Amino acid sequence: MKLNVYLAGEIHTDWREAVKSACEGLDIEWSGPVTDHGASDDCGVEIFGAEEDKFWHDRKGASLNAIRIRTGIARCDVLVVCFGEKYKQWNAAFDAGYAAALGKPIIVLQPPEHDHALKEVDAAANAVARTPEQVARALRYVTTAAL
Amino acid sequence: MKLNVYLAGEIHTDWREAVKSACEGLDIEWSGPVTDHGASDDCGVEIFGAEEDKFWHDRKGASLNAIRIRTGIARCDVLVVCFGEKYKQWNAAFDAGYAAALGKPIIVLQPPEHDHALKEVDAAANAVARTPEQVARALRYVTTAAL
Amino acid sequence: MKLNVYLAGEIHTDWREAVKSACEGLDIEWSGPVTDHGASDDCGVEIFGAEEDKFWHDRKGASLNAIRIRTGIARCDVLVVCFGEKYKQWNAAFDAGYAAALGKPIIVLQPPEHDHALKEVDAAANAVARTPEQVARALRYVTTAAL
Amino acid sequence: MKLNVYLAGEIHTDWREAVKSACEGLDIEWSGPVTDHGASDDCGVEIFGAEEDKFWHDRKGASLNAIRIRTGIARCDVLVVCFGEKYKQWNAAFDAGYAAALGKPIIVLQPPEHDHALKEVDAAANAVARTPEQVARALRYVTTAAL
Amino acid sequence: MKLNVYLAGEIHTDWREAVKSACEGLDIEWSGPVTDHGASDDCGVEIFGAEEDKFWHDRKGASLNAIRIRTGIARCDVLVVCFGEKYKQWNAAFDAGYAAALGKPIIVLQPPEHDHALKEVDAAANAVARTPEQVARALRYVTTAAL
Amino acid sequence: MKLNVYLAGEIHTDWREAVKSACEGLDIEWSGPVTDHGASDDCGVEIFGAEEDKFWHDRKGASLNAIRIRTGIARCDVLVVCFGEKYKQWNAAFDAGYAAALGKPIIVLQPPEHDHALKEVDAAANAVARTPEQVARALRYVTTAAL
Amino acid sequence: MKLNVYLAGEIHTDWREAVKSACEGLDIEWSGPVTDHGASDDCGVEIFGAEEDKFWHDRKGASLNAIRIRTGIARCDVLVVCFGEKYKQWNAAFDAGYAAALGKPIIVLQPPEHDHALKEVDAAANAVARTPEQVARALRYVTTAAL
Amino acid sequence: MKLNVYLAGEIHTDWREAVKSACEGLDIEWSGPVTDHGASDDCGVEIFGAEEDKFWHDRKGASLNAIRIRTGIARCDVLVVCFGEKYKQWNAAFDAGYAAALGKPIIVLQPPEHDHALKEVDAAANAVARTPEQVARALRYVTTAAL
């Protein structure tokens, strides 16, 4: 089974590469947000002009990024969302909620210390993984039907 | 007409192979659940870690399998669901109900002794077949327009 | 919070009355299938004329009952589905699958011995109850926000 | 214009009461999650039985709470989501994402220090308020057409 | 169970009144098209001005009537469609197809001599009745659960 | 037939009052945008704080007004949209397109000199009226079935 | 622009071939029902076994044909429906209604003498053609943007 | 990320070519309306026969063009809509509203003097561009993730 997998959330570690390389050879099309933090923050004003107010600076960027994010989530068969150690990561939870409302299967990748805080997100997910390798094994099983 | 056909239900006989081989040459893309009983039961704990409680052991597996099943049903043009002689087979009926609510055409494959017990499922179906060959003839007719 | 609750499945015990009486005073509108087994089986031929063939006798009844069942499920906020000790109960699993595809929250009421056979249904549910009283407590909590 | 407003997020301050009392007299039906922290955490095991593993303890509660939350969000015309000073609040962001995918208008209530971290959520919202009074004024304007 | 029933099709006999009077006392809200043939044909030009070309005369009327028809079908729980002895009655079949695509349960009322010509419509229906009394009995059974 | 009618477009003449008074006695629930031009323009900054940049001043207002507009259009059975003599009126055309995509029946109220410029909007509508009285007659016919 | 065009209705003349040959070279994928009248009537009993009662003979065939028809209509970008000189052709009108409810653009091909009887169907269509060549010119214009 | 981009609105300048040439090398499939003004106005009567009344002349053309426009918008991932200096351009705003209701991301291309008149359209958009080059940069960023 061919899958389109969207990799949401955390952009400061290499978990995406870890998942992808562990899925080498599988029939998976990958998508995800822009992971260059600077570009992601400044794309709006870079392209459409500077803003005095940081609030609108952020708005322009977030609105532009939403084109890529919403399109990617709408197309995907499975959303994998990673919650890392740092930052608020509300956009990760927002994307998970968005995917859940569209009926997309979700795999959460998160360390055990976040279990309680993520219980609502986890309850909407098909699986909770602790490592990128577990995510990859799950995707391998779903696409190939073999453990 | 090209079709995507999902083969749901019974995983202890070779009815899937019988349907597929009788459809040789047709423009059909096949999908279906994992049919390795052991893998299907244990995939969750194998990948994400053991559970003490059999209830959660089953939950982890069923939730992971649901990714493949839901994706397959959502993509299919026709769902064929087989009810065999043994077991409760509630997942087969569940998949049929799921497909019906999505408006997917359904072909039921079942022996006559189940007719009364399956009357609600059959009433939601486009056809009730007794043999894999009948399923194949129906798919041949739908795709090629020839009897 | 007012709820519309559909009580699906088993029609040979008084579990529906047990749930309802334990929910006395809550703002719940109840719906469900026809629970008179004879009427449910024969309604089609009684109203539209006899059939020689038992298969079509059943079809006429099941198709008519589907009007009530589909309307009830489509309107409900929560589907409670009970699996009992006897019979195949494929219609119960079918209704659960139908509700799941519509995104309806599901509470399953079933004895532990069916846990493994119902694992796919349970994995699509928000709760698995063992007694009508547990179902009622859950509905009370959801509607009143108090345990 | 009558509105159904869902108040999501933060459950440790009295912002819900502040919004409601400032909306006195408006034709608004309010809904929201269970705001009793203890009940919200323990409802699952209280009703359906204890769990050894905290992970499944949380799962049972979160799944049960989801009935109320999903029903409330699906019914609402406007979702107001509050992000407070403390905790991860991923469920608040998850609910906002869920509402956004359903096309529900969103009003975010949050202090300026969270602006950057909430930029994706804010960009999906119709308004960003700093005080419950601003939320109430917005709802008053929407329902009565008068500033 | 309360029902909203749309009575489509034939406007030259009193079958609607026959169904309604036989349903006396049931909790049914009735809707249907304008049944005054002259008004139905001429409403467009009467209100919005005459047309030289009969084709556009008809278009103006049909487009205006569509507001009532589409709204009625979209709201209904069950569509009853009657095919009589005379005329082409393509609008009846069109309404049935429209309702089928929306997933509305359908009861067809038609004489046996039309069985073959209506086989596609009948196959999309939950019941085929021969008399208004049969329609009424079916609606009574669906709403009251009693034969 | 009870109707919910949304009155979109032009806010500088009294066409809404003309339609409503000519519909006196009909079972119609009316909705529409805020028609106080000043309030509509400034609501965002009045409630949430001033903006230096007129672009964001407008954005805050338009986003807040969208809550009322989108809710009203989503609820309505019929959208009446009026194009007057002055201004660009792009929001009127936008609302018509929005309603069309939701499958809402549309009645356009516009003077003949705009016929060519409005041909795409008119082609998506069920009727094109020249006076508020024609709109009212159409609504009277749809709700009462009498010319 | 590539199009998927479903050719519904009349199966006793060669209008489908006329449309297709006049569209030679266009990027169009064609679909449609089984046009072998005998196969279409008897497919159900041929494959799944004979029926004593002509009514169920027809039902089995119509239900099987519905798989191809519904799949074809659901996939198409444009539905062309032809009404000929003979027979009731209720299935043609049913398919048009089904397509209309799905929001599919419709082109009706019909002789002027049916104009009044088809006014509701025509009012739901984007164009009414009198000859297969007109249908082909319209499709050529839509796909190539050139008259 | 591959994108399907629909270019709506203004047909009297070469902005479409400017956007496309600045997107050289990107994985974008372009679509849009017929931009030959004469063909767009007269296609209906050219193909299906002349009309005495200019109103119906326009209707026939607009209805035929709608096949291409609606199909294009329904398929697109992003709608870019350009508002130019001249004409009423209500069809541009209508298309934007139509796309917004389908949840399509929108980029508006418009000169600053239209800011106030377009504030509702802009508020529904992900970005407001002033030049075709800005549109192209935005599409480049969305598809390649690089500024």
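For clarity, chains are labelled A, B, C, D, E, F, G and H in written order, and residue numbers in each chain start from 1.
We adopt the following convention: a residue touches a chain if its C-beta (ideal position, glycine included) is under 8 Å from a C-beta of that chain, and two chains touch if they have at least 3 such contacts.
Owing to the predicted nature of the structure, the values given are computational and were not obtained by experimental measurement.
Counted as hops between touching chains, the shortest connection from chain C to chain G is 1.
Summary of the copy comparison: rotating chain A onto chain H for the best CA superposition needs 90 degrees, to the nearest 5. Compared with chain A, the chain whose C-alpha mean position is the greatest distance off is E. If you match contact pairs by residue number, over half of those in E-G turn up again in just one of C-G, A-H or F-H, and that pair is F-H.
By the residue-number overlap criterion, the interface of chain F with chain H counts as same, with over half of its numbers used by both chains.
Computed centre separation for the pair chain A/chain E is 49 angstrom, with centres defined by C-alpha atoms.
Look at where the CA atoms of chain B average out and do the same for chain C: the two points lie 23 Å apart.
Separation between the centroids of chain B and chain G, computed from CA atoms only, is 31 Å. Residue positions of chain F touching 2 or more other chains: 63, 66, 103, 128. Each chain pair that touches appears in this list: A-B, A-D, A-F, A-H, B-C, B-D, B-G, C-D, C-E, C-G, D-F, E-F, E-G, E-H, F-H, G-H. Those residues of chain C lying in contact with chain G across their complex are 51-53, 56.
Within the complex, the chain G residues that touch chain E are 54-55, 58-59, 61-63, 65-66, 69, 83, 87-102, 114-124, 128. On the chain C side of its complex with chain D, the touching residues are 1, 3, 77-78, 103, 105, 107, 125-130, 134, 137-138, 141-142, 145-147.
Here chain H touches chain G in the complex through residues 31, 34-36, 39, 42-44, 46-49, 60, 63-64, 66-68, 70-72, going by the rule given at the top.
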